[in-house]
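Two complexes come next, and they have one chain in common, chain A, joined by chain B in the first and chain C in the second.
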Partner chain A sequence: MLDTVRQIETPEGVSLRLHAAGATARAHAWLIDFALRALAAFFLLAVLGMLGSAGAGLGMLVLFAAFWIYGVACEVWMDGQTVGKRMMNLRVVNADGTPVTLLPSVIRNLLRTVDALPGIYGIGLVCCLIDPYSRRIGDIVAGTMVIHVLQRGALGQIPNEPAEPPSTPLRLEEQEALVAFAERGRNLHEARQRELGDLLEPLTGRMGNAGLRKLLAHANWLLGRP
Partner chain B sequence: MKQERFVALHDAGWSEVESWMRGSGRQAWSSALAEQGLDFPSQYRRICQHLAMARARGYSHDVTDRLQRIVDRGHRLLYRPPAPRWHRIGEFIVAGFPRLVRREWKAMVIAAALLYLPTLICLLLIHFRPDVAGMIFSGQALDRFEQMYNPTRDRMGRTSGTDVAMFGFYVLNNVGIAFRTFAAGLFFGVGAIYVLVTNGIMFGGIAGHLDAIGYGGPFWRFVAAHSSFELTAIVIAGGAGLRLGYTLLAPGRMRRGDALREAGGVGAQLVLGAFLMLVVAAFIEAFWSSVAAFPDVVKFGSAALLWLLVIAWLAFGGRRRRSGD
Partner chain C sequence: MEIERISVVLRPRSTRESADLGAAMLRRHAQPIFTAWFIASLPFLAIAIGLALWLGQPWVSLLFLWWLKPLFARIPLYVVSRAVFAEAPGWRDALRSMRTWGLQGLLAWMTIRRLDPRRCVLQPIVYLEGLDRRARAERWRVFGRGVEGPGTGLALTCMMFEWVLALSPLLFLPMFVPAELWESYWFNAGFLRTMPHWLSLPLVVAYYLGMSVAEPLCTTGGFALYLGRRTELEAWDLDLAFRRLRNRLLATATTALVLMAACFVAPTAHAADTPRDVKTDAVRVSLDSAFPAPQQGADQRMNDVSGKVLADPLLGGKTQAWRWVPKHPAARKPAEIVPEKPIVPGDVAGAGVASKGLLIALLIAALAWLGWFARQRWPSRRGEPAAARAPVQSAVQETDMVVAVPKGFGEQVHQLWRSGSRREALALLYRGTVERVATRLDEPVSPDATEADAIAGARRLDDDDAGRRAIRIVRTWQFAAYADRYPSDEEMAVMLGGWPVEHV
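This part shows the complex of A and B:
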């Protein structure tokens, strides 16, 4: 299946689903981080600049921290998220789905210099596009991956409709498809809903809005509503 | 069981765990444990079972997604790696790091050869043919070196700047070089070899040139002390890079990915150690090496002590205890 979800079976026998984050989302996060670091370094350098030569020394320590330490510190202390990643709802995780630990974080941030190499993340981008889980070289060596943090589902509740059993027994996949359609239907415009509903004319025996209502009634019945 | 009934039956339990997990991210694990956390593992496992049931029975995404979110979050809480403990840092510096350096001695020997042989060759070459220095460096650079190590100055090794300023500069510059040396090693070791050899040529070239024009005294007085930590750290970072590149070439009896991951872990530890060494080196370089006022005995005596310290540390650190590696 063409999918970027990596499933990891837990000791409890269910699987975690890690949704690999692609290059675009990660580039966004990187840009946010970059802007943040540049701003912070700029202001600190401006303040330290007033301290003269010793300030310049401290300023270079600030630059060092912004360049080398920021990523590792954020990822280790903030549950695998830099500020940019948090804003983009991304997270760095170890291979087993737990938030990244110190050594893997050090590796992936050191090897950033390799991924960034020809110009702007050339190697990293190519590697990201080839790898099934969008990992750059640093991620592969460190054994980490960047995932999307799932947000509260935007799916709506299924509209209420007096329940009615379907005329023929449905297989499990068919039941799932029907409920999923009822759940997501309202995200589609009405003509499209009707078009999809009409495909099930053999089941409902109706066309158009009447067919849709019938499908909702079946979905309600499948959910066990009165 | 129909979905609605299933949800009605378990909704309260799910909400309880959800709200507890939302709060526990903020507070320390131990205090969370004290309050309600004792129940958490069993609650979590029950929810795992609910998820498995919900999937098997084909419940809607509304339910499965919610349960999946609880499980993802709960897994992170329950199986999160232990927080790093501070005493481990001390243990790593005293025992773990030297042990690791000794274990990777082959890479270290090669890295040392790659750094010191060009140094030696340049040094000897310029000693007998002083004009070679002009081939390695531009005239401008040579002028700058001569200015930095002019015997009449009271601060050596720099053209301007205070101790603190130079400390910051050394950290930014030297640690950056060490980190890049390691990372560049991934290109089959070529990057690490390049950095080591060019640094060797530079160092040998400067030393040879200053020696040839009679500024050797201030130069050796300047570099003797901090070179103990600095050169050794560069060798270690280079060795870690070589190891990484060599693993990519010849993973041995492991899959390439696994071998690379292992080499990455070893390399990251070595580089972290080298990073600490370079901070120490920068400190010595900025605040001690640059002081020209002390007599030779003090300067070279301290340098000898530091070299002995580094060698003894790397050779004997962590030898006593055999277990726990």
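This part shows the complex of A and C:
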């Protein structure tokens, strides 16, 4: 089965799922960051330009910081997210899912020079398209990856219905499917809802709208509602 | 369409993640896609190069290649759409699709809708759903709501990628131009003003290569957006999960029926078969029959599973290491002795002078430091040692202290106070007070009692006035001991008059 998720099992048996972010999302985040840094550097340099050669020296420092320090500082202190990554809901993490630390962050940002060759990120893009987890060379060397930060939907949207336990015990993925159906069912076409509900006739023993209500009751029971 | 046969993980994805899934599908099926792509498009590249050479205008060729993109885009779409629901087709099938899909939709894509950036998500509807134009427009109205924006964004991003990939090889060229040639070649030849004729060829080829990556990426990304939108609209993932659950429930129901039937039938059958009065022999149990020796390969499933577990790299399975080995290992030649080239003084003159200067400077610095050390810090010359080691004036003067408090300690306190040992005087006064308080309370003096204990004791005295006096003495002692604050002579006289100094 094809997916972009990297699954990691911890020694405690917890499986972590890292949703690897691909080239397009990362390119957008980079463009945002680049625009921000360019704007900031432009205004600072305009001000510093009035100060003569001392201002030019300070300007060099500003450019240095924008190029080399911005990424590391943001990743280490802003939870693995530069401003662009935060806007695109991306995050840098270590390959084992732990938050990125100073050394990997420094390495992946130093190797930006390689990825950026020949000045327009050609190598980084090719590497990103080839790698199964869309890592550029800096990520591979530093042992990091960029992942999507998932937004969880609220469970509160599930309509209330007096809870009723299902007639047979269900497996975990089946329970998840029932709850997801209760969550998303209302967005579906009515005929489609009934069609899906009728598939579970062996579980509910009903067809049509009665079956749908029964499924909702099961979902409410699974969520621990009264 | 059979959802059970789907080969990608269906789950609700954000549009960004869907685009990533498109890239993953392209990676997975790269071989048939790119084989068919290059076979189909290389003749057109030849035409484009011919155009560039004939007209001398590279942009005509670029426009020509760009114009043909919708034609080639059908190859990745065909491969990916078939691969998702069935077996991945080979490149021959993909090429055949160019014919079987015919001109349906293609004319519009290449003329009036050539500039439509939503093509990547519209393509699957046109080619895969086979609707007529009216139904298609109707469907797009519902379907397009969630994917129009992301599809446009994907197309624009892929256009950017296309130019990054196309320009990268061209930008590598100037990196290999030696610096001394740089000025004369690039500027004096007027390179920046008029592009040399020969560069149009690499430009066309580079654009073609960039397009060959970006267009399949855009197409598969658009298809993934299409899949994601259909999953959202029709809950394909739930459909799949429900079908599995249904199959499981039906299967268990059948098994239960069979089991029940077996339960009812089996005892009656046995009752009929077995003669009642025949005793069966007692079963002989031996160690071997109870614990049969494990046979090699007896439990195939266990072996499979354990083999898989052991192959896990975390448990130290096999690892593959690749390294270069010479095909024809040459016999080791005796190293030729090359006469060393004498260093001509002119070669490294600058570096030599600089390092010589540095060394001389270091030597001077070292000598200067030695001289300073000899003058200032040499142990025998360190000035007057007595002054250097003058002891810090201490507030505590060593006096012969009598630990026990004498009976009439007031006189002694007076003496000490007048002789200037104020701290000792107050200490004695404090100790005397503590003893007097203890005598009044008829309690022994605890050796580890603190000032706080002394104050607490003074508060327990029946005589309030005596208590206040004792507390005042303790506080005065504390100010002296911890803060170096001494009372004036008058205050001292007040404390020494009356209880506890003058009477018990």
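Keep this in mind: the second predicted complex is superposed on the first by the 150 of 226 C-alpha atoms of A that agree within 3 Å, B and C clash if a C-alpha of one lies under 4 Å from a C-alpha of the other, contacts with A are read in each partner's own complex, and residues count from 1 in each chain.
In the analysis below, a residue touches a chain if its C-beta (ideal position, glycine included) is under 8 Å from a C-beta of that chain, and two chains touch if they have at least 3 such contacts.
The structure presented is a predicted model; accordingly, all values stated were derived computationally and were not measured.
When the two complexes are overlaid on their common chain A, residue A:Ser53 makes contact with chain B while staying clear of chain C. Contact with both chain B and chain C is seen for A:Ala180 once the two complexes are overlaid on the shared chain.
By the document's definition of touching, neither partner reaches A:Ala40: not chain B, not chain C. In the superposition on chain A, A:Thr101 makes contact with chain B only, while chain C stays out of contact range. By the touch criterion defined above, A:His28 reaches chain C but does not reach chain B. Residue contacts after overlaying the shared chain place A:Pro202 against chain C, while chain B stays out of touching range. Residue contacts after overlaying the shared chain place A:Val83 against neither chain B nor chain C.
In the superposition on chain A, A:Arg225 contacts chain B only, with no contact to chain C. When the two complexes are overlaid on their common chain A, residue A:Ala73 makes contact with neither chain B nor chain C. Within chain A, the residues touching chain B in one complex and chain C in the other are 173, 176, 180.
Looking at the complex, you find that chain A touches chain B at residues 10, 12-14, 16-17, 53-54, 56-61, 63-64, 67-68, 76, 79, 94, 96-99, 101-104, 106-107, 110-114, 137, 140-143, 150, 152-153, 155, 157-158, 172-173, 175-176, 179-180, 182-183, 222-225. Note for the complex: chain B touches chain A at residues 1-6, 25, 44-45, 48-49, 51-52, 55, 57-62, 65-66, 68-69, 71-72, 75-76, 79-81, 84, 161-169, 171-172, 175-176, 179-180, 182-184, 186-187, 244, 257, 260-261, 263-265, 267-269, 271-272. For chain C in complex with chain A, the touching residues are 7-9, 12, 14, 16-17, 19-21, 23-25, 27-28, 153-154, 157-158, 160-161, 164-165, 167-169, 171-172, 175, 213, 217, 221, 232-235, 237-239, 241-246, 248-250, 252-253.
Those residues of chain A that touch chain C in the shared complex are 1-5, 19-25, 27-28, 88-89, 117-123, 125-126, 129-130, 132, 134, 148, 151, 168, 170, 173-174, 176-177, 180-181, 184-185, 187-189, 192, 196, 199-203.
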